[in-house]
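Read through the structures below before going on.
In the two complexes below, chain A is the common chain; its partner is chain B in one and chain C in the other.
Moving on, here comes the complex of A and B:
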């Protein structure tokens, strides 16, 4: 059996208790909420914390507050199934509800939290393997080794951001509240991510993501499309989140964010700019989709071939834009490729 | 180092002294002898270790008992009423909705939770609810047929009893009464 390595468990009751426990145990400690990302990694010995600080008992971390008019605040401990089924979110922030509903399987969405998915570890074919597998191939720099096995000349790790909700939240211009020993800060969620497969979160070890804040929905429309190997459940091989604000049929604001193409959710800024002031005609959509595929630079370290993953970015962005413009009768938000 | 943990499994209180890093799956099988819950991938990728916590399907291979104190845990052993099978178990047996049977306990419990919230779910809804339970014998058609048959029987059973007393509906979803 693959068993968890031994640890002691601190059931924090308040944020203050949790940050104190993190400060006390330093690098020996890790946070756990739903555990659906951490425990498999611990079983594969990718993490071996001696202390786990459990966030589940902290009441202030769960629940959805506010409204689309004034903005919605999601406690980081809210389960993904709650986020997916939340009426206000599904109606006014559909990219987020769709993304949350496409994470993994029903069982794991009932356990996993939105905060956990926002912070989910980056993934790579050379990393998400058992200890024995990784030892046999010579370990990679993300854990136990010093070279990148997908790009051996590289000085950095290219593990892939594999969150569904992160690109959706970036497209919705969400912010995150972090609480640490020195107080709290609120930053745009895009600022939470770093372009590095190992240090992929721009937060200190002592900081806890406590809330995700959605701005007022105003006139923004949004959608999220996901490519995965199996229709039933899988990590994203590509995620495309698009949010846009239209006046009449003219685009006044646009955000296009790609998931699973880099170590962080990647904004397609030139594509966004090309949408402003335009109507969503087939020609504009084709041009913007081409531009959006530019920053999609997948390497050969997840499922499917990387040339295919780059090529399909264009197709998915075009589909998302058609959905935003109401040009599609509406297809499935998810596609599987055998 | 062992920790004292109080669990409620199939309506029975259990007082345990176990290492805190043992998963619920390991505790159920190794400390409580409830081997109906299967261990498959142990990484949250297959669904065969599904149990119900307060009626909701979760994966026991990624759950810590210390976090489940005070919650109601149901395993496949909690489905039958003595010698009387749960309607889902009966339908699975009649339709041969199991080949090797390894995914069956997780499938049964996930379906039980679905039928507790939706009496007659459409086939697509059943597929969606069972999306996290993999069958590697590729026997999905009979599994879906069996869930539909059980849903129909349970629904008719409720109707024929004329509005279902609390006891009867409890029997149907397997959440009340003492289990053998």
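Moving on, here comes the complex of A and C:
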């Protein structure tokens, strides 16, 4: 079987211990929470940390606090299965509960954390391969090489943001709390992401995502649709998160966020703007879906063909809007089997 | 065996759990990778990063200097002998010496204190490569005869080229009311067994070698090792460890098995190797990608007047079972329907990819897909119901096909009737239902498959299967047989058969499988042969034992032996329950009378193969038949397919254990859905694109439909208590039935697998723009046709119900 490289495991008991360990070991250190993504990647030598700082022993990192009225705070160490099953979240922030419940498989959701999914490494099918495979193809700039194999003329890495919860959280206007050696800061979650397959997180190495803060639900409706080959296990190759606030049947607020079609969760701003002040009629939905597909620019580095992922972006945005408007969502309904 | 006894079964027909079910579930079963021996070393192979390259030099000095490394070997440390599973394709080296032909070819092996050290040492081996142009498709291989992957074969990069003609196809097409020509493509796929290949070798202090391996063919591995290692076969013992799934992927002798033997010899330690999942993708031997052209003539009523099939197989870098695979893409199709005239041309092309070989259904799912989809198209043109059309043309029992296969029993007509009825086919077909973007459709297909290959892979006149039964004074019976249980339940089935004949419980039978030192040869777990061939041998051995026991008991009870029966753990007079002895006591009497009670059973298939060259291919003692109906929906906006229900009726001859048969049918449906909808063995920049279980898409439990299995029993005279195969045939109707259901749902033809959402949307787009609404191959490879061997069609000739089987003549007396 594939084996892990040797490393030292630091079992931090407090955030201060964790940040201190990160500061001490610098580039040699990485954080690990559930480890569901990190350890397989280490076996393939995508990461070769000499020190792992474990977060599982830090009690303050897990748990869900607050309410939909005043806003909900999720400790970054809360497992994805807890998030998916949380009644308050499922009722008032359905995009998040749905997204968390669609990550990988039940076993991995029981280990994987919301913080881990928010920070999960970008993916590319030239990169998520064993060391021997990557060596055979000549390595890529994300690890051990200097070119991009999916776009050879490119000066940047096009690895794909593959978090289900990230687009859902951006659509919900969540914020994240980061704690580092110099103290803590809270930023809109969209500001955590950079449009770069390698440096995809806008945080320092010493900073730890400690909490995810959801604003008061305030009548916002939301939903998340995920494209993948199979009903379980697979990373998204397209995620569509839509949140909207309606007064009567008029849209007063809207956020449409696309996952897995860029190196970061991508907001479809023109489509959002086109919804404001409108009713969710079939014509409006069609127009908005076309606009939303614009920023969907997948490349040929995941499962499915990239033209197909682009085509489905439009379909999913329309279906998400129909679901939010309480219209028939089309293909998502379960049919009575005769 | 009397007729009355045959139908008054006590074990046969019972839905019993497998004997090893609890051991598997609790983790007690010891697979090869679970073995730990004192002083054991761990091995890793260094594999080629190039698809095609010359090896200028290999320097192992840095690897050997690494602390913890016991030995490093290259091809120079092995006898310079090539091997391969088929005598006609001896083209492999365990560790390549001069040239590599695919990414993943092994070039060196390391034994070390642990797996991490062995892996590190592999990275310290310096190989000086001279890359050669890689031929990554059949088209490239045929277009570049100046680049030769192998020097042998039927032409530059053509491994095998066959052409057989039975009757006049042109005349047959002239008689037809409708002649269709269609092209199809069937993508390659891999077996994906849960257990990755593993092996442990121990070259003992006595100078003898033992290899424990996850193999489906310990006998062939035994023979190969003697040749490759230049060691007397008498000093080699091969034990097939319990196999965690094979599906054809563990049927060849492999580099890793040979390497651990040699490393054990050099280090004086037991050496283990366990392949990574990625390595299993390189070892491969999976489904051949096959391009097909099929021309069939039909009458207005739906009779087939004749069929002409051409296949091109992308073989990959080595021969493996490829010659057989090539024939199998042609020779089995005629078994299902009346096809009076038949012509087949097949060519297997070498490419610089992992070698293809025998995957469940070996060579037959591809042409079956072509035939069944073409019949669906013809039925529509002729205005016939696809099920009714097939129902009219099923082959007659006990007749020969155009290409001289002998069909004994066939339950295909009953299979068709049963699935049509159970699924309410006519109702579903007449009223396609839609909900929003989701369109519902049903599709139909049938198939036939061999119950064991009629010939061994090397010519010989010996049994294909042997069993030795020894009765113990405790009442236990030891059953020794070379068969390998790969999860299909052969150990259990052998126990059931012996228990049935001897009137004891299956738990009292101790099956000792697949150990070349202890067990009589069985050729291996392939071609759906084990239940039939080992089963017949087991029955023969059990009947001989029972005869000896009857003789002794008869003397004791003072009745004639013919008055005795063995039932409920006793041997006694049939209609007098008081006059009976417990089985253990019968054994004691028997041993006192005869000495040690050990009896052999032997089986070889009936000799009825045609004498023309290639005439043995596809010959089998009997054939299984299946009919399947798939109900699915297609999302017109996303192209996604959801399979809701599958009805499948399978003519299994007799269900020795219906629970196991249903398991085989369900597993086949699962594998068929994977091949139909998502599995692809695809390459990019000379590398396998998805060599992991995450990225190689195979269905999960969530993709599984409701499966309605119907078992049809035809009591075949060739099978043990009438049984035929169940492990491969039920896979075959699934792919074409899905393709046909997709057409029924949304009116587009996807003439290739996998049928992906992307292809559905492309075909729908095309149709909206006034096109044909089809995605499939557009052109065929350039390869000059070969002059066919012309043989008279044997279609419709009567076949003897029972023919003489070697080693089993006494049973006919």
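Assorted remarks:
Please note the rule applied: the second predicted complex is superposed on the first by the 328 of 338 C-alpha atoms of A that agree within 3 Å, B and C clash if a C-alpha of one lies under 4 Å from a C-alpha of the other, contacts with A are read in each partner's own complex, and residues count from 1 in each chain.
The criterion applied here is as follows: a contact is a pair of C-beta atoms (placed from the backbone, for glycine too) under 8 Å apart; a residue touches a chain by one contact, two chains touch by 3 or more.
This one's a predicted model, so the numbers in the text were calculated from it and none came from an experiment.
Within the superposed three-chain model, A:328 lies in touch with chain C and out of touch with chain B [touch as defined at top]. In the superposition on chain A, A:3 makes contact with both chain B and chain C. When the two complexes are overlaid on their common chain A, residue A:315 makes contact with chain C while staying clear of chain B. Contact with chain C, but none with chain B, is seen for A:137 once the two complexes are overlaid on the shared chain.
In the superposition on chain A, A:232 makes contact with both chain B and chain C. Considering which of chain B and chain C touches more of chain A, the answer is C.
In the superposition on chain A, A:110 contacts chain B only, with no contact to chain C.
Overlap of the chain B and chain C interfaces on chain A comprises residues 1-3, 6, 232-233. Of all residues in chain A, those touching chain C in their complex are 1-3, 6, 125, 128-130, 132-133, 135-137, 149, 227, 229-235, 303-305, 307-308, 311-312, 315, 328, 330-331, 333, 335, 337-338. By the touch rule above, chain B contacts chain A in their complex via residues 1, 3, 19-23, 26, 39, 42-45, 47, 50, 56-59, 61-64, 66-67, 110, 128-129, 131-134.
Of all residues in chain A, those touching chain B in their complex are 1-9, 11, 35-36, 39-40, 43-44, 54, 56, 104-108, 110-111, 232-233.
Of all residues in chain C, those touching chain A in their complex are 47, 49-50, 103, 115-116, 119, 196, 274, 276, 278, 428, 433, 435-438, 440, 631, 633, 635, 637-640, 644-645, 678, 685-687, 689-692, 694-695, 697, 699-703, 706, 756-758, 761.
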